[in-house]
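What follows is a group of structures, each given as C-alpha cells.
Two complexes come next, and they have one chain in common, subunit A, joined by subunit B in the first and subunit C in the second.
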Partner chain A sequence: MLKLIQTEFWKLRRKSLFWLMLLTALLMPFFAVIYFRSFGKTDLDPLLFYKWSAFGYTVFMILPFILGIVCTILMHEENQAHVLKQLWIIPIPKTACFFSKFFIVLMYSFCFMLITAAASVLFGIASGCAPFQWESILFLLKKCLEIAVLSACSILPILAAAVSQKGYVLPVCIILLYIFFGFFILPVNLYVHPIASLSAILAREGKIPGLTLTQTISVPWALLCIGIWGTASVFFATISLKRKG
Partner chain B sequence: MKIFLWAECQKLRRLSLLLLTIFAVCGIAFMVFIGGKSTDYGPPYLEEAGWYMTMTQPWATLLVLPAVIALLGSYMICREAEDDTLKSLLLVPVSETRLTAAKMLLTFVFSILLYLLLFAITFLGEAILHIHALSTNMVLHFLKSYFLEGICVFLAVSPIIALVAYWKKSYWLALVLAEIYSFAGLFTSMSNTLRTFYPVSAALGIAGYYETTGLARIQSSLVLLACGGISVLILRKLKHGRDE
Partner chain C sequence: MHDFVIETKHLTKIYGEQTVLEKVSLHVERGKIYGLLGRNGAGKTTLMKLLLGLASPTAGEIKIFQKPIKGHQKQLYPHIGAIIEAPGFYPNLTGTENLEIFARLRGLKDPLAVQEALHIVGLPYRDKKLFAKYSLGMKQRLGIANALLHNPKLLILDEPTNGLDPVGIAELRDFLKDLSVKQGKTILISSHILSEISLLADDIGILHRGVLLEEGSLKELEEKNQKQTTGGNTLEDYFRKITGGKGIA
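Right after this comes the complex of A and B.
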C-alpha cells in the first residue's frame, strides 16, 4: 500500500495542472477582502472574516469542485494511458489501488486547506480586515484540518464515479450536480448529502458567526450520512474495478 | 460552412456529452425545486409565483451552465486532436479556422437551447404549482430573459473555449477556469460597477435579472461583444500559428 502511494506521488510530478489548481485556495481569502473592503469594513471579528475566507463557499463549492477534478484527472489519465491494465497484471489489489488514489485526494485536501488558512490569516492582516489573534488562528487551523478530512471523505462518490467511467465527461457533470445538490439541500435536510452534513459538523459549536443552521445539529447523524455515502462509494468502486479487471 | 455544420451535427448525434448536459440542466432545475421547498425561513419559496423561474436562472448561470457550455465547446474542439482525426481532416484539406468556427457556432446554438430547456422545465414547474398566478407577460419576460442569457453566457465563455482551441488538450483547464470565472460572478454582482463590467454578471444584467440602467446595459453589451471579439482574435491567431 505504501509503495502504491509513493508511486502515486511520483506520477504527480508530471501533472502541472494538478499543482496549479492549488492556487484556487487563494480565491476565497481574496474575495473576502474585496467583499469587506467594498463595504468599508475593517477590524472585524477574525472569525467573521474566516467564515467568508475559509468556512463558506470554500467548503460548499471550491474545495469539492477542485477535489472532484483531482479525482477525475487521477482516474482518467490512468485509463487513457492503459496503466490500470498493467497494474492488474502485476497484480495489485483493486481496493488498494482505490485507496491509494483516495490518499492523494486526502493529501491534496490538506494542502488546499492549509494554503487557505495561511492565506486567510495573511490577507486578513494585510488588508486590516482581521486583526492578529492566536486564539482565532488556532481555531481556523483546527477547522481547516477538519474540513480537509471531511471534504475528502465527502468526495468519495465522485472518485467512485471516476473509477467506474473510462471518460471524464460523466464524472465532471456529476461533480457539478453533486455540489449544486449539496448547496440546495442544505436548508432542506442536513443529513441527506455529505457536503450538507459537513456543514452541520462544522457549525456544531456555534462559534462561527453567520453560519447558523435552522435545523437541530446532530454530529452522529452527519457522520453517519458521510459514512453511508463513503461506504457505498467504496463498494461501488470495488465492483467497477473488478468488472474492469 | 454549411457542410462543416452538417458534419458537426452528425458527430453530435454520437456525443454522450450532449445527453449529459441535458441531464445537468434537468438536475439543476430539480435541485432548485428541492431548495425552494425549504420552510426554515417562513413559507416555502415555491409558493411565490415566479420564484422558481427567477432563481433557477442566476444559480444555473453562476454555478453550472457556463462550465458545462465551456466543457461542451472545448470538448468538441479538443476531440479532433484527442481522437487523432485532426490529421485526416487537415489532409482533406479542411480549414482549421472554419472547423473551429463551426464548432463555436454549434456551441452558441447549444447554449441557447440549454437555457430554453431550463426555461421549459421551470415554466412547467411553475404551471403545475400555480398556473392561475402566471400571466402571459410574465412568461414572455422570462422566455426573453432565458434566451438572452443563453446568448450572453456563450459570449462570456467564448474566450475560454477559444483559448482551449489555441492551447489544445487543455480542456481540464477550461473547465476549472470557466467554473472559477462564473463563480466569481457571485461577488462581482454585489458591486454596481463590477456587475456591469464583469462578463458573467453583465450577462445577468442584460437578461434582465438585475434592474439596470440603459447605459449599464450598453456597457455590458460592449463587454460581452469584446469577449466575442477576443475569442475571434484568438481563433485568428490559431490560423496564423498554423500558417507559419
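Right after this comes the complex of A and C.
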C-alpha cells in the first residue's frame, strides 16, 4: 500500500494545474475581507470572520468541487492512458488502488484546508477584520483539519463515479449535482447527504456564530451517513474496476 | 510428454450475443515462440486478455504454468510480462520515470533493472522526453521494456510490432529469438502480419472469427498445405484457403 501511495505522488509530476488548484483555498478568505471591509467592519469576533473565510462556502461548495475535480483528474489519466491493465497484471489489488487514490484526495484536502486556515488568519490580521487570538486560531486549525478529513470521506462517491467512467464529462456533471443536492438538502435533512452531515458535525459545539441548523445535531447519525455513502462507494468502485478488467 | 506453459481447453468467450472465441484449445510449449495469427477482429486480443485473467471466460479452462490463472494471479503474474492492446503509460512522465513506477510497484530490488530494460529496447535512460511526445514505435519499445523489466519466464505480446519501422521490426525479431533460444523464455506473440509470424514463430496458431482453425509448427502447416493444395503452397496460400479470405499482409 505504501508503494502504491508513493507512486501516486510520482504520477503527479509536471501536473501544475493539479497544484495550482490549491490557490482556490485563498478565495473565501479574500472574499471575507472584501465583505467585511465593504461594510466597514473591523475588530470582529475572529470566529465570525473565520465562519466566512473557512466554515461557509468553502465547506459546502469550493472544497467538494475542487476535491471532485482532483478525483476526476486522478482517474481520468489511468483510464485514458490504458494503464490499469498494466497495473492489474503486476498485480495491484483493485481496492488498494482505489484507497491509494483516496489517500491523495485526503492529503490534498489537508493541504487545501491548511492554506485556508493560514490565509484566514493572515488576511484577518492584515485587514484588521479579525484580531490575533490564540484560542480562535487553534479552534480554526482544529476545525480545518476536521473539515479536511470529513470532506475527503464525503467525496468518496465522486471518486467512485470517476473510477466507473472513462471520460471526465459525466463525473464533472455528477460533482455539480452532488454538491447542489448536498447544499439544498441541508435545511431539510442533515443525515441524507454526506456534505449535510459534515455540516452537522462541524456545528456540533455551537461555537461558530451564525451557523445554525434546523435539526437536532446527532454526530453518530452524521458519521453513519458518511460511513454508509463511503462504504457503498468503495464497493461500487471495486466492482467497476473489476469490470474494467 | 509436452511441457505446456500455456494450455487452454475449449475456451469460449461470449459478449452479449456475440461469440468472440469459440472452443479455443491452445498449446504453447516451454521455450518456444508461438505466433497467433489472425485478421483484425479475429479474437487475438480477447484471447490474450483471457490468458492474463483480465477478462473471465464464458466457458473452458486456462492453465498457465500448469495452474489455472483464476485464483493464482499473485503467484503467476511475476513470471509473466505482457503488452495488451496499446502500451499504457503516464503521458506526463518520461520513459524512465514510467518504468521506475512499474519497477517500484513490482518490488524490483535491482537498481539497474530500468536502465537495462531501456538499453535492451534501444531507448535512452534518463532522457527528458515525455511519453506523450514519443512516437508510436518508441511507445511500443517502452511497452516491451516494461514487459521485460522483471525478467519474466513468459512473454505475452499483443501485436508488438505495431508502429515499428522495418529496422525496428527486424531488431525486435532478433531480440525475441535471442530471448527464446538463449534464455529459454516462452513467447506468445500475436500479429496480423503473416510474414512476421512465419519468420519468428516456432509454432503457429491460426485464429479466424474466434475459432482456432489450425495449430502446429510452420513446417507442419506448410506440409499440410502441400498435401491439400492445387494452387500455391506457401503459408499465405494456406491461410487464405482455410480462412476463405483474401489473405493478409
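Throughout what follows, the second predicted complex is superposed on the first by the 245 of 245 C-alpha atoms of A that agree within 3 Å, B and C clash if a C-alpha of one lies under 4 Å from a C-alpha of the other, contacts with A are read in each partner's own complex, and residues count from 1 in each chain.
Following the convention adopted for this analysis, contacts are C-beta pairs under 8 Å (C-beta built on N, C-alpha and C of every residue); 3 or more make two chains touch, one makes a residue touch a chain.
Predicted, not measured: the structure shown is a model, and the values here were computed from it.
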| item | value |
| --- | --- |
| Greater subunit A contact set [subunit C / subunit B] | B |
| Contacts of A:92 with subunit B and subunit C, given as first, second, both or neither | second |
| Which of subunit B and subunit C A:239 touches, first, second, both or neither | neither |
| Which superposed partner A:27 touches (first subunit B, second subunit C, both, neither) | first |
| Partner chain in contact with A:145 - subunit B first, subunit C second, else both or neither | neither |
| Subunit B versus subunit C as contact partner of A:180, first or second or both or neither | first |
| Subunit B versus subunit C as contact partner of A:3, first or second or both or neither | second |
| Partner chain(s) touched by A:217 [first = subunit B, second = subunit C, both, neither] | neither |
| Touching both subunit C and subunit B, counted on subunit A across the two superposed complexes | none |
| Complex contacts: residues of subunit A adjacent to subunit B | 17, 20-21, 24, 27, 31, 34-35, 38, 57, 61-62, 65-66, 69, 73, 167, 169-170, 172-173, 176-177, 179-181, 183-185, 187-188, 214-215 |
| Contact set on subunit C toward subunit A in their complex | 49, 52-55, 73-74, 77, 80, 82, 84-93, 97, 100-102, 104-107, 130, 146 |
| Subunit A residues within the subunit C interface of the complex | 3-4, 6-7, 10-11, 13-15, 77, 81-92, 245 |
| Subunit A contact footprint on subunit B (complex, rising order) | 16-17, 20-21, 23-24, 27-28, 31-32, 34-35, 37-38, 40-41, 59, 63-64, 67-68, 71, 75, 170, 172-173, 175-176, 179-180, 183-184, 186-187, 190-191 |
